[in-house]
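After this come two complexes, each holding chain A, first together with chain B and then together with chain C.
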Partner chain A sequence: MSTLHEFLSRWAGPARWVGLGGAVLVMVAAFLPWAYLPAALDNVTYYGEPSILQWLGFALGFVTAACLVASPILAAKASPRTRRLLNLNRGATAAATASLVYQAIAAIAVALELGGLITLEPGAWLGVVGAAVAALATRALHAGSDARLRYLPTPAWAQILGIVVVLALVLVAAAYGLGLEDPGAFVAFGTFCGLAAWVLARVGIMGWISAAAAANRSALVLASFVVAFVFPFTQNGSDANMSIAAGVLIFAATAMGLNIVVGLAGLLDLGYIAFLGAGAFTAATLSESAFATLGWHPPFPIVMLIAGCVSALLGLLIGSPTLRVSGDYLAIVTLAFGEIFRITMNNLDGSDGPNITRGSNGIPAIPNLDVFGFNFGESHVIAGFDIGRFANYYWLLLLVLALIIVVFVNLNKSRIGRGWVAIREDERAAEAMGVNVFGLKLLAFAGGAFLAGVAGSVKAHVDVSVTPDQYVFMESAFLVAGIVLGGMGTVGGVLVGAAILKLLPEKLRFFEDYRLLLFGLLLIVMMRFRPEGLLPDQRRQLEFHAEDDELAEEADAQALPDLATAGAALSATKEDRA
Partner chain B sequence: MTTQVQITDEILVEEPLLSARQVTMQFGGLTAVNKVDLDIHPGEIVGLIGPNGAGKTTFFNCLTGMYQPTAGQVLFAGAVLPPQPRKVAVAGVARTFQNIRLFHNMTALENVMVGRYARTKTNAIEAILRLPRHRREEAETREVAQQWLDFVGLGDAAESLSRNMPYGDQRRLEIARALALEPKLLLLDEPTAGMNPQETREAEELITRIRGLGMAVLVIEHDMRFIFSLCDRVACLVRGEVLIDDVPEVVQNDPRVIEAYIGSPVDMPGEQEEAPRPDVSTLAPSKPVLEFPPNAINPIIGHRTKPGGRKDA
Partner chain C sequence: MDLLIQQLINGLSLGALYALIAVGYTVVYGIVQLINFAHGEVFMMGAFGSYTTWMLMGSPTNLSIGVALGLVLPAMILGGVLVSVGTALLMERFAYRPLRNAPRLAPLISAIGLSIGLQEAVRLFYGQIPGFPDSRRAIPFPVIEGLTGRSIQVGGVTIQHSAIFTLGALLICAALLWWFVNKTRMGRAMQATSQDADTARLMGINVDKAIATAFAVGAALAAVAGVAHGLRYNNIDFQMGFMAGMKAFTAAVLGGIGNINGAVVGGLVLGIVEAMATTYIPGQFGSSAWKDVWAFAILILVLVFRPQGLLGAKVVDRA
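Up next, the complex of A and B:
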């Protein structure tokens, strides 16, 4: 690889022009048809009239070209300080590579959906070839050091504006992506979103955004909440999409509770889904379903509390004997507990035990919630928008999720959160410092269980029926995977992880048989390239990349005097002379 | 049980803060600590020396509740110390570890704030609802932790991750974390292991200042110059038993101590040929023989310090 790079770097000058040529080909390809029939990728068959997905391909090509053109101009005209804000060469390489991946996935999707490479029209071929040329050529460019845009002093209003723009883009992308019926189109669009984030990170813009987000935390929280709140209005009363969104929120709320146990206290719990199940079963048996076995129907807020308490009690019950073991042993014990829960629920059917859960039939026909006269089952029209049943539940879940996040954040920032992290870091040292290790572990376990129980009580009403087979081990594994994927111990990370893990299987029904394979691959790739998760907390990022940072700082320390003295001349020789 | 105070006359008058009585620790057939008596008085710095394997750390673990002594008991401020590290810490005995055990992915300040855990009372509900006590204690904890960091000289390093700190600073941070418990007795397990002479002098100065706060200190150490210039009293532990417990001048000239460290002059003729037997006077404080030579590669430093060396803060 490095020899290839050495070979290519001799051709840095010409490579810029070749890369530019490739990028132009990609842009031209967007105006040509990609497929023979309109069935694939939401119709990409027209001449001169690109569909949205083709415009996205055009955008990647355009960014490649723009980076290639702007990089030498920036190097020649701007002051050394300004020049180091953005890394356009790296951006060009990333955009060209992203282009290649996007064009290839689009071509493969068309070929798969329409049956063979023969169905590809010249546009698809041209896009792949152009992107391949650009990707190869841009590898020859001098990579340069990390962009420093994140250190650019920016007024607060500009930072907040940046946050709002990014969140608005997220909202538009989420609304558009959920609306895509065609699996190929969804995959292509999802890939594009990931690639776009990566390209922005390489150029240096992502660094600025994360710095802005860190500096304006309350604005970020408020804006994200508004975006999440507004989301149902973009769906035109589509219950299908809103049911997926509600599913994402349930998953996120449960994962957030698990995040206390795994992310903060460092206790690997592989049976956590049982606590969600306990909450759901409690709510179901206390609901007004004709099949509810207990004759008592308290109002829903009380049911929520009871469900949380039942789960927390279960957490205490399972925690007090098992929390004396740690590490792998705890994982095994909790895994077994999850299975015991499911089997017990299967057996409380009146023949093997008391009839509480009606065994494997579960409790169906759970009626919609009716809280303070507001019926969650009815459609409403708000400001001209249709708000369906799932949108109602979506808002309720959003409220529950917000409460759980508040609990998580406030605990994390207290002496209790510090105690948990200390236990995660070094249990014996924590104990010698007077930290109540066992009590705090138990609190993490029971507290996490309580939150899962509350989430479960809403889930029972959203799902209409509760059966034991919804609470299998695989679901616990997905919860842990969501936390690992997003970033342990963080709020944003868990939300992103939950959205990805819940959204993919819903939209990729055709891929159902290979779902686990896909997740396995995803986790392996994550562990290799970004073990701290997609949105890690800064501590963990340092943990995994401390050496990279030190190297970068050393490089900076060496580079800065250079720039100050013979800066312009030196970097001009190092820079390719295009 | 009667007290068996066998110490020098001038401190006999005070009630001991910590008093180990006939502490015995057996692992199967092995007696690691055998009937050890040791008293520590308020404001006193006591050194615990002894050759490797003499049972110093085992005795330490008996004091801190990591082990429950097979026989005997440990009294602290008149009450028996429970054999649980947490309760020992809460009672007012804080410790550091021989191999540094910081919370590596927490900042220096957060490490010290963990030390305040047992001295604060906010419960989960108060933390979730951010009730007044939580806010008050949180501000207080932060302030006190910063004060202890300043005390050990790490005030500027509050926001650095403890794993990225230089070795000597990590040692001092561990002491600050223990001090945050506001203990009456501080137990230091080889606080200067792997330090260079400059850092050792700073540690000595730090421990003297800790005594100035009215805390008693018990130090395990192999650096004889450090021990004899710092401690009010030195106990020498050999094969699990207290050989001698007296003021430094007496201990360092005691022939039994010298014998325990470097062997008797008479009964080991053949084996001493390669290493010439040191003069008795080499154990005097001015000529340390048992610390690492200044330029030797210390295996502990080799693992712990970053190649880049100290940072400038």
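Up next, the complex of A and C:
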């Protein structure tokens, strides 16, 4: 590869023109039909009238071209400081590569959906070829150094505006993506979103956004919450998508609770789903369902608390003996506990034990929540928008998730959170430093269980029925997979992981049968190549890549953003002088 | 009294099955301090390997006892061993070895991935082989004349031939294992590696090879257990490794993980406890629906009161 790069780099000048040619081909291709029949993607059969997915292809080509054109102009005209704000050469390479991936996936999707390469129209071929030319040619460009846009002093309003724009884009993308019926289109769109984020990161814009986000935490949190809150309004009362969204939120809330245990305290809990189940069963037996086995029906807020406490109690019960033996044992013991829970729920059916859960039949017909006169089962019209049953639960779950995130973030920043991280990094050193290891571990375990119990109490009402086979080991493994995929110990990572793991199987029914296999492989591959996850915690990234000095410096810079900005500005001026 | 002896024998034969699998956990743990969570799937692969061998031989039925026991069964065991050892070696090479210096959570999560991946691979693809049965459901295990369904009567006690097979297999395997670990160069290299891998490397021992051997040895015993499981329950399925693996792990912890003798003792004790629990616990909780709960309760109790296991282990505390 390096020899190829050396060879190419001699041709950096002409390569720019070749790359530009490829990018133009990609742009032209968007105006040509990609498929023979309208069934594939979002109907890509017209001349001169690109569909949305074709416009996205056009956009990648355009960004490639724009980077290629702007880069030499910037180099010639701009002051050295301005020049180094963005890395347009890297951006061009990334955009061209992204183009290639996107065009190829679109072409493959068309070929698979319509049956064979014969169904591809010239536009698809032109796009792939153009993108391939551009991707190869842009490899010859000088990569240059990291973009410095993230250190650019920006007024707060501009940063907040940036955050709002990004989140608005996320909302639009989520609404559009969920609305896509065609699996090929969904995959192509999902790939585009990932690629776009990557290109922005390579150009240096993502660095600015994350710096802005770091500087305006509260604005970011508020804006994200607003975006999540208005999401149901984009769905025109469609309950199908809202039920998926509610599922994602339940998963995210549970995974967030598990993230305290696994991500912060470093205790691998493979039976976490049992705590969710305990909450759900508690809520079900205390509900107004005709099949509820306990005669007591307290109002829901109290049920929520009881469910949380029952789970926490189970957490203490299982945690207090096992947390003394640390590490790998805990994983297996929690797994065993998960099995004990499932078997016990199955056996409390009146013949093998007292009748509490009605055994494998579970407790069906759990009525909708009715809190303070608001019935969650009824549709409501708010500002002219239909808000269905799942949208109501979506908001409730959003509140629960927000609560869990608040708990998570505050714990993470507190003395307790630092104690957990210390335990995770080195238990003996932590103990020697006076950290109450056992107490903190138990707190993490019981606290995580409490949050899962609360989430479970809502889940019981959303799902209408609660049965033991909803709470099997595979579900625990999924939760762990979600955390690992997104990035252990971070809020954003868990949300991304939960969204990916829940959305993909919902949208890609054909892949239903293979999803477990793919998740298994995903876990192995992630551990092998990116154990820190997609959106890692800086500290954890370091843990996995201890030898990487550049990363360490970056982490230091992140840890002290204000100082780092000042320092970077200083060093930038120094370098400019030299 | 007959009931007690009967349950003792049932427990011993069940325990022998656990012990054969438990050795795999303990050997690997002893040498790399890794809980090979996917070991249950190695056991499952062994069972499917032996079944595949039987299919490849043209699924012979109605054989004379001599041919069945002298030819078909050994071939099936050999086929199972080849498959499971191959699986374990690939696993070690591509999933665990690259993670040897990673934080401890990484190989454990990898192992979960392996476990799910192997189960699903068998569920989805095994039945796709032309002529092979649907692997989404339980597959009836081949009838081995002289073993399947036969039993001997001693007083009031019934002993299944498959139980004798399992116990015999455990005895032979344990003896071979003892000889291998204590008397061969490779066995001593494994011991040295488990005591101190760095020093062993300095002494010229090929540590990677010793670790791979540990995986292979465990896998071979698991394959024997796979055949024994098939003979005992008369069918195999892609999920069989999960519960069996959990029980065997419990057995390994019970005996003291890292200690080979402990794994054998732990397996036998666990089997007997399980058999006794279903007979002697009064009331609803004595029904067989609860037996797994009692087994796991033992796991938790052992970890609380005697984390080093019954026979004690060299390595207990691993943060």
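FYI, the second predicted complex is superposed on the first by the 527 of 578 C-alpha atoms of A that agree within 3 Å, B and C clash if a C-alpha of one lies under 4 Å from a C-alpha of the other, contacts with A are read in each partner's own complex, and residues count from 1 in each chain.
Definition applied: a residue touches a chain if its C-beta (ideal position, glycine included) is under 8 Å from a C-beta of that chain, and two chains touch if they have at least 3 such contacts.
The structure presented is a predicted model; accordingly, all values stated were derived computationally and were not measured.
Chain A has more of its residues touched by C than by the other of chain B and chain C. When the shared chain is aligned, chain B comes close enough to touch A:V435, but chain C does not. Once the two complexes are overlaid on the shared chain, A:D426 sits against chain B and chain C alike.
By the document's definition of touching, of the two partners only chain B reaches A:G447; chain C does not.
By the touch criterion stated above, A:F519 is placed in contact with chain C alone, chain B being left untouched. With both structures placed on the common chain, the touch criterion links A:R418 to chain B but leaves chain C unconnected.
Legend: residue contacts after superposition of the two complexes on their common chain; A:V407 is shown touching chain B, with no touch to chain C. Legend: residue contacts after superposition of the two complexes on their common chain; A:R528 is shown touching chain C, with no touch to chain B. Residues 426, 428, 543 of chain A contact both chain B in one complex and chain C in the other. In the complex of the two chains, the chain C residues touching chain A come out as 34-35, 37, 95, 98-99, 102-110, 112-121, 124, 242-243, 246, 249-250, 253, 284-285, 287, 289-290, 292-293, 296-297, 299-300, 303-304, 307, 316-319. On the side of chain A, the complex with chain C involves touching residues 262, 266, 268, 270, 318, 321-322, 324-329, 331-333, 335-337, 339-340, 343-344, 346-347, 351-354, 426-428, 473-474, 477, 480-481, 484, 488, 513-514, 516-517, 519-524, 526-528, 531, 543-544. Here chain A touches chain B in the complex through residues 406-407, 410-411, 413-419, 421-422, 425-426, 428-437, 443, 447, 539-540, 542-543, 546, 550, going by the rule given at the top.
Against chain A, in their complex, chain B makes its touches with residues 64, 66, 85-86, 89-90, 94-95, 97, 101-106, 110, 113-120, 122-124, 127-130, 134, 137-138, 141, 161, 163-164, 177-178, 181, 308.
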